[in-house]
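As written, the chain order gives the labels A, B and C, with residue 1 at the start of each chain.
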């Protein structure tokens, strides 16, 4: 179906079902129960899941396939956001031009940075991309203030021209009148589910981007990218020029990042320079690695995992901890809270750092590999091991 | 002319910090072949050694002074640092005053220990892994160290003053025949520069004149061959990692009075120090030092108003710009050896 | 008819004159061996042919076109493939993918943005790839990851990767280095078979005289960066100059 192998089609369908039913899946606990804090079905959180999913899928096309580790991808995200907000300011709140422009500008920006950075490989490439991103960040804060509004961040003011804006149209981002913020809440007994326009738009775009990524992975182009990662010497002596291949991959992944940035601005019409900082670049690296670099589903899993735990962990404060451990004797309760405290709430980054290390040390293949290991141990994949992959061109996922 | 000298001086202290961090990075990269993204965190740990010692020395007990009352009419409480009660008020208060220099003694064993633990516990397992993995795991470690410090010391910068003796500024201009108060330079920054120079000289002397240093230099040139000679390289490299950590830590200790330490100062310096290493030439120690000072001074010059008027924002990006040009034009850096990590 | 013409090639590394005044011509559809003691400049010469090194002086022409200043991938696209001393293969990919890649490169050129069609859909490429794997007796290992192959199989895979491109000239850099006798013989048979089946010219750099004399039609002896003799195998064996150059090196 859709020009995909059976295995990939089923993967796409599973992802589609999961994203479409996300409002249900992410809100498994009744709204009033103590466990409601584990719910993640809020519109803005769900939007972040899929937007970062797009970002990570794109990053994986570069890092997962070619092995070129870019530490500056957040720059493209930022450029995308700025472009989109400028379209809102100039044309109006319809998000289509904004998203379109964010992909174009980030693509051009990626072309420029990629053309220069890809003249080097390995750690030099990482440092070059890092230098470019930090440079963009510094410029966005200082000289480019007319374009970026510096520290305040770029936002839409009533004094902005908005040439195509009419009074009949909503005064917040919308798609032909459909407001991104509009949410329909379904109350079913004790449960409550939010269906948000913006989320569904982003989810559909993510599915499209996921499909595109599958096609790229399975194409001759994708195969060449994998070859670059494996052995560049052989590639050269096989009559292939790695430079245009890596550049194409870099631009594609930059455009994915720009799209994510544009969508981010479409959900919340604001763009700040901190989106370009290298910690943001590190975050997408982490998502990809955590999920499993070079696998199809890995980056999506990684993005969801990190954004979910970021949200949940940062919400847990001492009051919540006291509730959890209330059944224990006082001394033990306080002791446990003292242990858990540094890792939750504001300490979420500590957990994140530890997680990062643990993944690189113990599970370089990420969650996907972990899942496979568990499955193998449980004997689920025995049959598959005996008869290696049924298709010719798909390496084990 | 006076402006130029002033900027030159201003570039020195930052340049010293870059040079010291870059020196450690290069030692680690050259000997162990590891790209250490946690090196900035070591610099930050050093700065917090100074903070910690100052805090420890200022630990006080409270006594009630019945002769005085506070504004509510209660008897006033007086805090007396333990140090003062032990050593007498004069010696005690000067000990507290000198806590930053004293922290050097405190930091050396701590930083060497941290370095040993890091190398034995983590880095050692990554010698054979790709550079990307090394970058990622040390990046994760940097986040962890940074967050732990944040847990203990909070997110705000902690002022850590230098001894009173160095509070003022040195009027450098009068030495050169300028008017007074034209070219002035804070004493502590001068101290920092000389301190950095001393450390750099010590590291080079150590590598140049000791047998240990000779083996390490040989190892940097050709690890496998030295290994074949039956010399236990691994053990020496662990020590080298400890030394590199101590260098970064000491750079941090002494930097504390210049910029109040905060938990993310390591990351801020790290990115720039990497750029410094690349500009100097991966694996070249003199290159790292040279590039550190060069870029520090360049940064300071580009922040001159005259230059900013022509090229706005140049001070923010000059270092990155130089790095990009260097990498493209002369990939091995200013003083890198031919063929080392050139692609 | 000569397919490869090397004229007056010289190459210097610092104070070392690695090659000086090398003149060599390889006739079409022959197997030409280049032998010589260690350090004679064999590998340098090979690297000058494939674009890895640029000679300081002289010219290298392939089918009348100069190879100088061209990049390795451009030279490959002209019909020159190379087998390395230690096999260079795409270790993380499957055997099948390993041959699909060169096959695609031969069809589509050095770059083609073919991002939306599936590899699975390239019928012609798959057929060629399968045929070549059949030729080297590796069709049953097509799903294996290349890094898990034995050394001999890796060598055969690399050979297949070169052959699938139908090169006009195949350069082999010590194709049997470090192999056991049985493996060496297999390789000799494989190369003989290739030679019989195809219109292909081979230039072999080799230490093992057994391999050289089983395959070569012409032999050039290189010593100290310059050709000593070029002869047929029969005439090489008793040649006094060769004995001199090889004294103690190998049994000729």
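Assume contacts are C-beta pairs under 8 Å (C-beta built on N, C-alpha and C of every residue); 3 or more make two chains touch, one makes a residue touch a chain.
All figures in this text were calculated on a predicted structure; none of them were measured in a lab.
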Pairwise touch network: line, ring, star, complete, or other: line
What is the identifier of the chain with the smallest separation between its Cα mean and the overall Cα mean? A
Quick one: report the Å distance separating chain A from chain C, using the average Cα coordinate of each chain. 46
Distance between chain A and chain B based on Cα centroids, please, to the nearest Å. 35
In whole angstrom, the CA-centroid distance of chain B from chain C equals 53
Given the complex, residues on chain B that touch chain A span 35, 122, 125, 129, 131-133, 135-137, 139-144, 146-148, 150-151, 267, 271, 274-275, 278, 282, 312-313, 316-317, 320-321, 323-324, 327-328, 331, 341, 343
Help me check something: in the complex, which residues belonging to chain C touch chain A? 50, 71-74, 76-77, 81-82, 84, 88-94, 96-97, 100-102, 104-106, 108-122, 126, 142-145, 161, 165
Chain A residues within the chain C interface of the complex: 3-5, 215-216, 218-224, 226-227, 229-231, 233-241, 244-245, 248, 252, 388-389, 391-393, 395
Residue ranges of chain A touching chain B (in the complex, touch as defined): 67, 69, 71, 116, 119-124, 126-128, 130-132, 134-135, 138-139, 141-144, 278-279, 282, 285, 289, 342, 347, 349-350, 352-357, 360-361, 364
